[in-house]
């Protein structure tokens, strides 16, 4: 079986250099180019890359995508900073190259993506849902972006299903005891030396609870999701937003 | 909105009596009959029951189902002891009454069902999967039936996806340390005073883990699933096996 | 070996009736009296009780203790509502009966007592400590009394040891995200259908975390502590406040 | 306040180099020497070291200790391989230098030490105790040495207190389901990609459970224990075996 020809853009960065190693280590992938800042995009076409993994910066990503899509190179994008305007521009390029696929994923950790997805699926079936996120003490925001997003997805899944508000008889509470309120879902933020990034979704119904917990211990956790993206984007024309669409959820 | 007319068979049993209370407490359901051993099945038709909840014994279930299906009463079945022969007989009755629905569920706990389903969905995306089940010390079998079933579902999901065997460098081990082997999935059984029924599925990949845990604290946990079954079986003709088919998993 | 002769006061109450059963079930204890409201205290002396288990109400406890201590009957007290004034009065009676022992315990759950004690011991050795308490949604206060008390004990152990404040770089936070502040220790309160009473103390240091979790599933969890109290109070003259003093912590 | 003068032996090793940094970063300690293989021990006396941190190999440790103890330099020892013979020899040197202190610790992680100690304290008060240890899949032995040691300490604490065997009604079990038997305590070993080193002690009694969990995420977790050892060994003459003796457990 011939290997899938993969290029990495942003190959000198922390995530990019790990992606280079991960592609090299995969039996079914061949690393054909590893571009850093200033390297010429033509290398992509000369090397015959079928898929590009885009891990640069918001400054560079649009030019890179214009080149890739314009040359029919499928692209997996980890770079952030997506606005409606940028998405519209990208969709324009894609409509001119209808067989090319682009995957943009805010999070390549399969565990994080499944944690969110499972929370969303389960949320309408339980009376109560709360989120606890636990991070290292150098984090500057609380709750984490992932926890806020998870709570929003939970809230909207419950609203859509017509789920009632969670029961809560609290009459007297210390300020903050019941957590932050994100669209009606309580979110609690723990900051503890020794931790990295962890999230727990607790769901409770009559006589039972279901807990879904994700522990992230290293940014190498992005690699399996990036490789999975590379393998699937080649047969998924158009724009896909979110790794969950590449996972079989049935 | 008119209420759904529900009858309970086996209404004097531990689960049945709880089902009676749960139906009575639900705003959209009306309890029209509660039959114990020896009560006449004609009560079902006389009371105008649209759905029957069957919580009797393997001895009674077939006669009850023949009556219900024959009279177009949709049925939710918690009674166990299903063989291929019995299923064939039930399917025969159903083909003669094609608009009637029957749901048979080995487990009505939504948490348990989602725990298994999520384990199955996630299993192919991680390198390692193990199951820990924890129960009260009066339990006579180890692993629990649910844990064995979960491990089998995990193993078959991994096989189907072509997932490699989980890495394990163990060279010297005390007997039993690495758990029981269920189709290649290690299953560990804890027996502890103070516990009831708990199960944890641990999934591990590069730099991250995902844990799905179900805690069952009371058999009242079956009620939301039974009610959900009653509400959905009326619009699901034919035989459905497993509550998971009545949950929206996307 | 002769059995220890035990009486229960408040024997008709929820906890009292369970204490009656627990004493009867213990090989080394003999239930010699079980008094309800209105029963005469003389039964205690007539039955030759060596230990009384006091599980009545704040209205009755002082009269009961005066009688017991006055007659040299050791007493284990679960009744609440202790003020400095009441303690002074009790100590007066005890000084007139120097061989009699009284144990007053705000919590007879050995798990809860050890959870608090271990938190207190460990707290000075870690940079960060937070408390999460999780309860059923009918609870009216947040945080729970036990969590507040635990956080206070942690804070005072850290202050005594000269421990620095826990690191926390949070710059922007949603209201409540970082929990309630109890003497500088963040406490998070989860309210979830399906739960009973649970508490987790999280301690974090460089490269490691220690978590101590107590799950209380039934008030029968008080029985082992009550029996242990009864066995030990007979050889512990004077007033002891808190079950932890009867546990060997070394 | 004058700083405590500390030397590190084995300063080029993985743990040693981290110890060098940790000593330098501590306000109350001064790094006065950092010796690698072949460096002269006289540096210790010339630099005026009050405490030596010994992190070399079983080959070098005895000569280093003879020198240190002979010159009244207190020593904190992380090097392993201690036999009764070696301990006797060390005790001989110490009796000739009665004011010098030596701490030998098989584990400098405060979390691991407290996990073991708390398990040992709590074990007699619960009916059931089991141990789950979870490690990365490259580990060659199961259970881990720490889990085996923990189970042994638990078993001996229970034996000493006359605790009964844990209840277990298991009649039919798959091979290995109930874990390994270490002195009567079930120990379960999980091997999962994404994990490092984790251990959970589960204790269960009537109506409640207590769980003590240690998560080790990096060998930097040894540093607080090494520094604590250095600070305390100077005022603890003679041989101390185990970091737990330097922790205040009351």
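Order of writing sets the chain letters: A, B, C and D. Residues in each chain are counted from 1.
Rule of thumb we're sticking to: a contact is a pair of C-beta atoms (placed from the backbone, for glycine too) under 8 Å apart; a residue touches a chain by one contact, two chains touch by 3 or more.
As the structure is a computational prediction, the values presented were derived from the model and not from experiment.
Novice: Consider the two chain pairs A-C and C-D; indicate the one with the greater count of contacting C-beta pairs.
Specialist: Most contacts of the two pairs: A-C.
Novice: If you fit subunit B onto subunit C using the CA atoms, what's the rotation angle, as a multiple of 5 degrees?
Specialist: 180
Novice: What is the distance, in whole Å, between the centres of subunit B and subunit C, each centre taken as the mean of its C-alpha atoms?
Specialist: 40
Novice: So what's the Cα centroid distance for subunit A and subunit C, whole Å?
Specialist: Subunit A and subunit C have C-alpha centres separated by 47 Å.
Novice: On a C-alpha centroid basis, what's the spacing between subunit C and subunit D, in Å?
Specialist: 33
Novice: Where in subunit C do residues touch two or more other chains at once?
Specialist: If we look for residues of subunit C contacting two or more partner chains, we find 126, 194-195, 203, 205-209, 215, 217, 221.
Novice: Mind listing the subunit A positions that touch subunit C in their complex?
Specialist: Listed in rising order, the residues are 126-128, 130, 132, 134, 137-143, 166-182, 186-195, 202-209.
Novice: State the interface residues of subunit A toward subunit B in the complex, per the touch definition above.
Specialist: Going through subunit A, the ones touching subunit B are 109-112, 114-115, 118, 121-122, 124-126, 161, 203, 205-224, 228, 247-250.
Novice: Could you list, by residue number, the parts of subunit A that touch subunit D in their complex?
Specialist: Subunit A reaches subunit D through residues 194-196, 215, 217, 221.
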